[in-house]
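Just below sit the structures, each encoded as structure tokens.
Each of the two complexes below includes subunit A, the first together with subunit B, the second together with subunit C.
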Partner chain A sequence: MTRAARVLGALLALTLPFWLQNPYYLHVVIMAGIFGVLSLSLNLLLGYTGQLSLGHAAFFGIGAYTSALLTLSLAWPVWPAMLAAVALTALSGWIIGRLALKLRGAYFVLVTISFAGVVSLVSVNWMELTNGPLGLPGVPAPALGPWSLRTKTAYYYLVLAAVALSYLVCARLVNSRIGRAFLALRENEPLAESVGVDVTHYLVLAAVVSAGLAGLGGSLYAHYTRFVSPEVFLFTYTVTMVIMVVAGGKGTLAGPLVGALLFTALPEALRLATSWQWQMLAYGVLLLLLVYFLPRGIVPALRGLRGRRAS
Partner chain B sequence: MNGLVLGGTYALLGIGLTLIFGLMNVVNFAHGEFYTLGAYAAFATLAGLGGGFVAAVLGAIVCGALLGGLTERVLLRPLRGESIDTTMLVMIGVWIAMQNAELLVWGGVAKSIPHPFPTEPLVLGPVAIAPLRLFVMALAAGLIAASYLLIHRTKLGRAMRATFQDAETAALMGVKIARIHTVTFAFGSGLAAAAGALLGPVFLAYPSMGDLAALKAFSVVILGGLGNLPGATLGGLLLGIAEELGAGYVSSGYRDAVGFVIIIVVLLFRPSGLFARQERIG
Partner chain C sequence: MTLAVRDLAVQFGGVAALGGVSFEVRPGTITSVIGPNGSGKTTAFNAITGYLRPTRGAITYDGASLAGLRPSAIARRGVVRTFQKTSVFPTLSVADNVMIGLHLSGTAGVVAVLLGRRRLGEEERRLAAEADALVELVGLGHRRGEVASGLPYGEQRLVELAVALAARPRLLLLDEPGAGMTGAEKATVSALIRTIRGRGITVLLVEHDMRMVMGISDTVVVLHHGRVIAEGPPAAIQAHPEVIRAYLGATGERA
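Let's look at the complex of A and B:
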């Protein structure tokens, strides 16, 4: 991206609530931001280390529940609860990473799915803690000193800050020695190992950061919708994240954000046009089309286009 | 007893999935949807056309096999040789699309499938079992036996086994790999549909029923080792019984957790499955 485009993009993001008056549109953008955090998180694993986790909804859900329970049952303020949510998901990412990253390919995928399944069943069945399928209503909105961040505009800036933070974390990580180790693992694991890359160490690190970011997304979601139910563990969330990452371009930093924006806005647009079932059907078909026609994603495709024109 | 009824159908699901994985190296996330399809096909045959139960199961197998063959031919064949992640994403797409197509066609309300058996339980000594369940168990056992015969006694089965062991050598010997792949996928999907047709009348038919079924199929396959047929059969029976015991002794809410826990524990401690003699692909 050129410098001018970057500045323009940043200005656009910062002033968005002033010219986007319709609260519904702002809601869509906020959701896109939350999904942006989630996609960045998944991309760290899928795009940079090449491990497909289909259990990311678990981290999202754990983050949402931690935040909701701490603020509701223990009356914690929102900010420490958010931090605790990130810490707890990072910890569960560490545990799952230590256990599951011995496995590769389909086996790893299945363990992550099962993990999400178990957590989801616990959320439904552990009535005393989670209130079961009824969920937890009345999660408080965050406040900044005396100001409540209850309005959509305020929350938009909070989410924007979270997206920027996640982006910076990913960018720092990816453009460091660690990021190069990730890529080496993705491209050729035995070779990377033979030149001294500690495979498990780096993969677990990726899992921890990725899980923590997903937890942040979950916490943001909980304090935005102010309601948490076992639905946060739905496999649909995981699939949505995967689609966003793959469509945007895995292994690029901008890709997940583009994917998140596109695939939050698109279903909403489809919803205006058709019923919910058609929307999901179109989603499935779209995923198929993407794999066939844009296997590497939108951002790399655009870059390729520009590269060809320049040469 | 109920464990055996469940286990037989789980075994059918697992055999289909394990064949597809072992032969084609495709992780078939849409497997559960073929199971759902089978249940609805059985519903259509029994309630719509007024056929018998056996006809319903056959109808389901034909439907599943046709659609499965079509899926392989159109979607998977162009991707042969692509990485396992790519085909996995494609199958996730098929899964979402099929599930919502089913929702569109049949609606979200669960349907109870009528069956021609009396509901009075049959008492055989110390056990009581509903005739329907007994019949389901018998048919499942028959279908498992038929699959074994197909794979071990026919020319097609020999070609399938050859492809499984070494696709390139098999191709050199004149086996048409592409056709074997289509047949395998159709066969696996047919078995999944049969499982759906068998279990559909025992429970209810609804569009998302396949999600759990797919999960069960995966646990069965992992229990038995990916690509291992006898393993899948035994794994199915074991899972069925383990679930009944889990539901009975722990809590029925956690019945479906048994499958997840099995996947995690087996993969962590014996990744090649409980019954594996040698290391397999993966």
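Let's look at the complex of A and C:
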């Protein structure tokens, strides 16, 4: 991206609530931001280490429940609860990373799916802790000193800050020797080992950071919707994240954000444009077309276009 | 800094790929392991570098055992290998391939990276300069920015060599570096291997091309059916009756 485009993008993002007054649109943008954090998180594993986690909704859900339970049952303030949500999901990412230490490809996918299944069952059945399928209503909104961040405009800025932080974390990791170790694992594991890259160490590290970011997304979601139920563990959430990462461009920093924005807005746009029978069909067809014509994702395709024009 | 292999045996099920071989690689030399296909050369390589757990035997480098170590830990001790089949980081540029090879030369930990410490920029520039120098050394300066998998076969093998050298080996194991190369490319690789030794790196080589082996080796170890049948300087090996029989009599292998 050129410098001018970057500055313009930042200005647009910072002033958005002032020209996008419609609360419904603002809601869609906030959800896109939360999914942006989740997609950045998934992309770290899928795009850089090449390992597909199909249990990412579990980290999202654990983050949401941790935040909700700490604020509701133990009356923690929101900020420490958010930190705890990130810490606990990072820990669960570490556990998954250790479990999957020697597993790659389909087996890694299976471990992550099973993990999500187990966590989801716990959320439904451990009534005393989670209130089961009824969920946990009344999760408090965060506050900055005397100011509550319960308005959409205020929450928008909180989510924007979280997206920026997640992006920074990913960008710094990816543009370092740690990021190169992630890529080495994706590209050629035996070769990576032969030059001294301890690939399992880096896979665990990627899982920890990725899970922690997904936990941040979950916590943001809980304090935004103010209600958490076992639905946060739905496989649909994971699938949505995968679509966002793949369509936007896996293994690029901007791709997941582009994907998150597009695939949060698209279902809403289709809801306005067509009747409900056609919504999912249209979504599916559009997704197919996108994957067919831009198999590597939107961001790499745009880059290719610009490269061709430059040469 | 001698590599000592003692009574190394590897069984695959009931098949003995290596039946107790012993040899030494003395520092500063080029040692070649030759033998007909299936004689256990690559198996020995895999066992030495931690890709395969031997059934029996001892492998020591510089007096310390390498047994049970992961390949990355063995690389950290200065023992680095290349692979028989071309092995690069396919979608990355030549320069980025070599940058990964420099992994052990970097020091940036996760905390420093996340905090964006300033000295990391200096380290990155130093590593990039080292990568450039290695790309030049193997003669791929004009390919620096190209994607590795898009290069012709011979050049991909040179990328591999640069990646391995980036890991700063003290002992470099090359698995058929000349395989599938043209005569001119083989000559380039031979010259490179001599340059590598000139930099104080010990080389252990598995190779089929007899002209190349006899031209550059200080010592040749001959494997046949998983056992060492001869060991010595090239001239002595070429005259060794059992070696001649193994190559010409038993298998009719290309020499």
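As a convention for this text, the second predicted complex is superposed on the first by the 293 of 311 C-alpha atoms of A that agree within 3 Å, B and C clash if a C-alpha of one lies under 4 Å from a C-alpha of the other, contacts with A are read in each partner's own complex, and residues count from 1 in each chain.
The rule is short, and it goes like this: contacts are C-beta pairs under 8 Å (C-beta built on N, C-alpha and C of every residue); 3 or more make two chains touch, one makes a residue touch a chain.
Note that the coordinates shown come from a computational prediction; the quantities given were computed from them, not determined experimentally.
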| item | value |
| --- | --- |
| First, second, both or neither for A:194, with subunit B first and subunit C second | second |
| More subunit A residues in contact - subunit B or subunit C | B |
| First, second, both or neither for A:172, with subunit B first and subunit C second | second |
| Partner chain(s) touched by A:91 [first = subunit B, second = subunit C, both, neither] | neither |
| Partner chain(s) touched by A:278 [first = subunit B, second = subunit C, both, neither] | first |
| Contacts of A:242 with subunit B and subunit C, given as first, second, both or neither | first |
| Touched partner set for A:107, first subunit B, second subunit C, both or neither | first |
| Which of subunit B and subunit C A:301 touches, first, second, both or neither | neither |
| Subunit B and subunit C footprints on subunit A, overlapping residues | none |
| Subunit A-touching residues of subunit B, taken from the complex the two chains share | 21, 27, 75, 78-79, 84-86, 88-90, 92-101, 103-104, 211, 215, 218-219, 222, 226, 251, 253-254, 256-257, 259-261, 263-264, 267-268, 271, 282 |
| Residues of subunit C touching subunit A in the complex | 49-51, 70-73, 75-76, 80-83, 87-92, 96, 99-104, 106, 108, 110, 113-114, 116, 120, 124, 127, 160, 163-164, 166-167 |
| Subunit A residues within the subunit B interface of the complex | 52, 99-100, 102-107, 109-111, 113-115, 117-118, 121, 124-125, 235, 239, 242, 246, 277-278, 280-281, 283-288, 291-292, 295 |
| Complex contacts: residues of subunit A adjacent to subunit C | 169, 172-173, 176-178, 180-181, 183-184, 187-188, 190-199, 205 |
